[in-house]
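Below you'll find the structures, each written out as structure tokens.
Across the two complexes that follow, chain A remains constant while its partner is chain B and subsequently chain C.
Our next item is the complex of A and B:
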């Protein structure tokens, strides 16, 4: 697994992908940091929370080629012929993408140092946001990896992961619409409006329960919830396992 | 040959059939494994979320912004287990909390619900979606339940908490119509509301209004309510009367004197064993001598002089003018109640001297509350604002306590020559945990005596997160450097490297 991790991690820097991703991240984080700095108040937690919104752009760039590129070149056959477990291949690529996020995040650590040097506060909320950032990055990378394994086109992979991540980012809005639709439907069929609204609310709450952003929102205030992290971790594992299964399918479906 | 081909085809078909069967079972296994994993993941998350979610949530914030304090927890523990307190936010549950008052309210209310052992429930019900909620909470329609407020109900009693009331604000910004929070009083507000609903009010205070006060004593009202004391405004009028249910009469920051009738009525009230709290400063009323107020104070062996205290001791004064200074809490006053033992000094501003009356009554006992250093002087200021006369350097009192000696139910008076702890602007700027405000609370508690709820709680304000950077270090030059380094140089350098890498490797 280490060999795959090393190969994938270095491959980010043997192509423009890694540099471009870091450049975008640097610019965005720099922009947010400067906006706060110029106003005389720097809340690193707020910066990190804002950066989470850009997963939808950065993650597809990083993950689009992880499997799709190998498929296109035909080098994916190495996974099946080399004496390695396929899950190690998935885990190696996943960890390499996570490590790239770690490299990107050096920007934020530099911002923290500048803030501290300028007499600002790096509160517990900032560290909470760092933890959440990485757990959410893991989750979205796992989703991006899944998007990459189902196609041999990097573009399709990027679009697919973009859509999946966007849906997750907008889940609370989507939940509200679906809830309203349920309410309207039940009202249409003559159910008491408050009863219909409560059904709609239940649906909204049910969908909202899946929202990782809502689950982890309190970390920025210094309130750490293990169950929120567990959620991100299990979603990551589920997508990694699905990725592994799709990859392994080739072994028996080709015969 | 054709037989051989036929056999070969049959073998292939058989092999394909075996292969298909194997693929089918592996496919079934693969899908099944994924579904089982998803189910396990869901179950684990539901289990953790519903059963262990609260136990595995830790508040590491410095001032515990999102957790109830031990004071509240202890109070909730005293309530019977079957007590039901319902907190309803008349709104959809706020999703985006950042930079809104809900940032501090929603997580804390969740903590109330989590730690109350079922006594408190928190719901968010939008009255636009569920109009019946208003009638459900307030069948009589006695309360003004409007959207975006919180309603705390218990045993048919209701109190409304507006999010804006959960904070104190910088008074200077407030004057310009801007809200700059200075302290978080969410827990203070909700806990005291719960205490009032569960205990009721034990006493009643009247705050005199209509003497050109600087503010409306809103913060003082909040403090009194937290002590279990209901408050009402007593307007100045030609028919001024003090109601029979008045346990404490308050004169807070008047800029003009009381009328003769008011003086008489207050004297009658004191003779009947009433309690009187007076706080008058010198800032915007320097020309007023408060003659009628002094007749009331004289009756209690007190006198307020028409001077402003000017501190000359550098270890006491807080600015070059000497009008803002520290004052010592006198040892005699500290000995009156354990409540005062923790105070040694507080901040005074533009204070008038309070002293013993020239011809004192023997049955009245006075005690200095707060004193200046021995080097302070008192300055007289004329109508044009010129300082005309300096009194001798001496120790001055800026607050005194007076009561009848050896009498049951004696009147009690606390007179201060400063409002630097009772004014809205001071309390708003410094919050409820400030020493001056704590001292005020202790004074009020002393005057209310048994009128203070036995179960009243003393929840402190929580400081708000402050992310200001040092303006001497974060100069405009540093700011420009931040702009160029983080937004231009680093990204540009990376793009250049990416271009070089691409050019070098595009043909590989």
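Our next item is the complex of A and C:
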């Protein structure tokens, strides 16, 4: 696993990918921090939360090539024919992408240091946001990895992970639409409007339950919830496992 | 030693490999011959554990590739048709990564890599980016990759495809050196190449073994029927008839006819012992028609297949 991790992590810096991701992140975080700083009201937690909405751009850039490139180059043969477990291949690539996020995040730590040096307060809410940031990053990277394993084209992989992450970021809006669609459908078929509305609400809150942003929204106020972190961790593991199974399936495929 | 027993691989309804069985003995070079799409690469991919078989077993030095994959894979070095190279890595760095993958101890690594690098003669490019190497060197790096971990068996899938003649000769030399201390399975659709390197040949067609033979036996089969190519200046019809009249000639076919220069393909009786070239010369000289070219035609791979499949 360490071999794969090392290769993938260093390969981010052999191609523009690593630099582009770091540049985008530095620019965005720097911009947000500067605008807060210029107003004299620095809030690290809200900086991190704003940065989260750019996962949808940064994660696909990082993950698009992880498996797609190997397939295209024919280097995936190495993983299948070397005496290594395929799950350690998935884990190595996953950790490499996470490590790149760690490198990008140095920006925010610098902002924290600057804030502290200028007499600002880094409250528990800021640290809570840092934790949430990394758990969510893990979740989205796992999704990106999954998008990369199903195709040998980096572009398709990037578009696919972009769409998946976008859906998750907009999940509360989508939930409302789907809920009201249910309400409308049921009232169309003559079910009384109160019942129809309650069905719609149930659907909405059911889908909303999946929203990782809502689950972790209290972290910024210093209210930590283990179940929210477990949720992110579970989603990550599920996608890593699916990725692993897709890799395995290739060997057994009869199609 | 590899034992392959009744290997089948289905893709949907199509059987890409259909009941292939053969063994590869220690320190033997086995040529794996077949037209494109015959199932060569699929079989090799199954032997190396890249793909699984639908049914049948592969045993590498007694270890089943599916039941004890890690033990079996340790004994195999594989060079696929497309060498698995990272163009963004330096040669030594890449080989170091392969050592990591194959679990070579750090303490032994330096010596091990130095030996491989000098064996495949890539010392001069060892600190260059793989993406900037020529195709021949890339192929060598691919072979070096297969040699990491001292596997006793090497599986090379069309190692000379796409190389220029000089590079082909170099790679063949290298394979011959490697064959002294390894069992080698080498696939190709070039007959002469296999003839030069291999001790034994497995010919497959349509996913089935068409023949397993030693090189000498194969050549005997091939020498059975022979053809001559005759290019001359003179009257086409008269010459054709005269040559057709010679003993041992089965068929005379016009290949090219351009003005008064003609090219004939003369098919001789199978197992003919008489050399017809002298006879043809006298016919031509008698008529005063100059011979521009007279040579025997090498049997093509297609003909080998025809002769082998019709004989079975």
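In this text, the second predicted complex is superposed on the first by the 253 of 255 C-alpha atoms of A that agree within 3 Å, B and C clash if a C-alpha of one lies under 4 Å from a C-alpha of the other, contacts with A are read in each partner's own complex, and residues count from 1 in each chain.
One rule holds in what follows: a residue touches a chain if its C-beta (ideal position, glycine included) is under 8 Å from a C-beta of that chain, and two chains touch if they have at least 3 such contacts.
If you're wondering where the values come from, they're calculated on a predicted model, not measured in any experiment.
I'd like to know which partner A:221 touches here: chain B for first, chain C for second, both or neither.
The answer is first: A:221 touches chain B but not chain C.
Let me test your reading of the model: by the given contact rule, A:37 touches which partner, first (chain B), second (chain C), both or neither?
first
Touching A:73, do we find chain B (first), chain C (second), both, or neither?
second
By residue count, which of the two partners contacts chain A more extensively, chain B or chain C?
Residues of chain A touched, chain B against chain C: more for B.
After lining up the shared chain so the two structures overlap, which partner does A:7 touch, if you call chain B first and chain C second: first, second, both or neither?
second
A:252 in the overlay: touching chain B, chain C, both, or neither? Say first, second, both or neither.
It touches chain B and chain C both.
Is A:84 touching the first partner chain B, the second partner chain C, both, or neither of them?
Once the two structures are laid over each other on A, A:84 reaches chain C alone.
Check whether A:15 is in contact with chain B, with chain C, with both or with neither, and answer first, second, both or neither.
It touches chain B and chain C both.
Looking at the overlay, what does A:153 touch: chain B (first), chain C (second), both, or neither?
Neither partner.
With the two complexes superposed on chain A, say which partner A:187 touches: chain B (first), chain C (second), both, or neither.
A:187: touches no partner chain.
Which chain A residues contact chain B in one complex and chain C in the other?
Residues common to the chain A contacts of chain C and of chain B are 14-15, 252-253, 255, listed in rising order.
Name, in rising order, each residue of chain A that touches chain C in their complex.
Residues of chain A touching chain C: 2-4, 6-7, 11, 14-15, 73-84, 251-255.
Using the touch definition from the top, list the residues of chain A that touch chain B in their complex.
Touch residues, chain A against chain B: 13-16, 19-20, 22-24, 26-27, 29-31, 33-34, 36-38, 40-43, 46, 49, 107, 110-111, 114-115, 117-121, 123-125, 128, 172, 194, 197-198, 201, 209, 214, 217-218, 220-227, 230-231, 234-235, 237-238, 241-242, 245, 248-249, 252-253, 255.
For the complex, give me every residue of chain B touching chain A.
Contact set of chain B toward chain A: 19, 22-23, 26-27, 30, 33-34, 37-38, 41, 44-45, 48-49, 52-53, 56-62, 65-67, 95, 97-98, 103, 107, 129-130, 132, 465-471, 473-474, 478-479, 482-483, 485-487, 490-492, 494-495, 497-499, 501-502, 505.
Under the stated contact criterion, what part of chain C meets chain A in this complex?
Contact set of chain C toward chain A: 10-12, 48-52, 54, 69-71, 73-74, 76, 78, 80, 82-89, 97-98, 100-103, 145.
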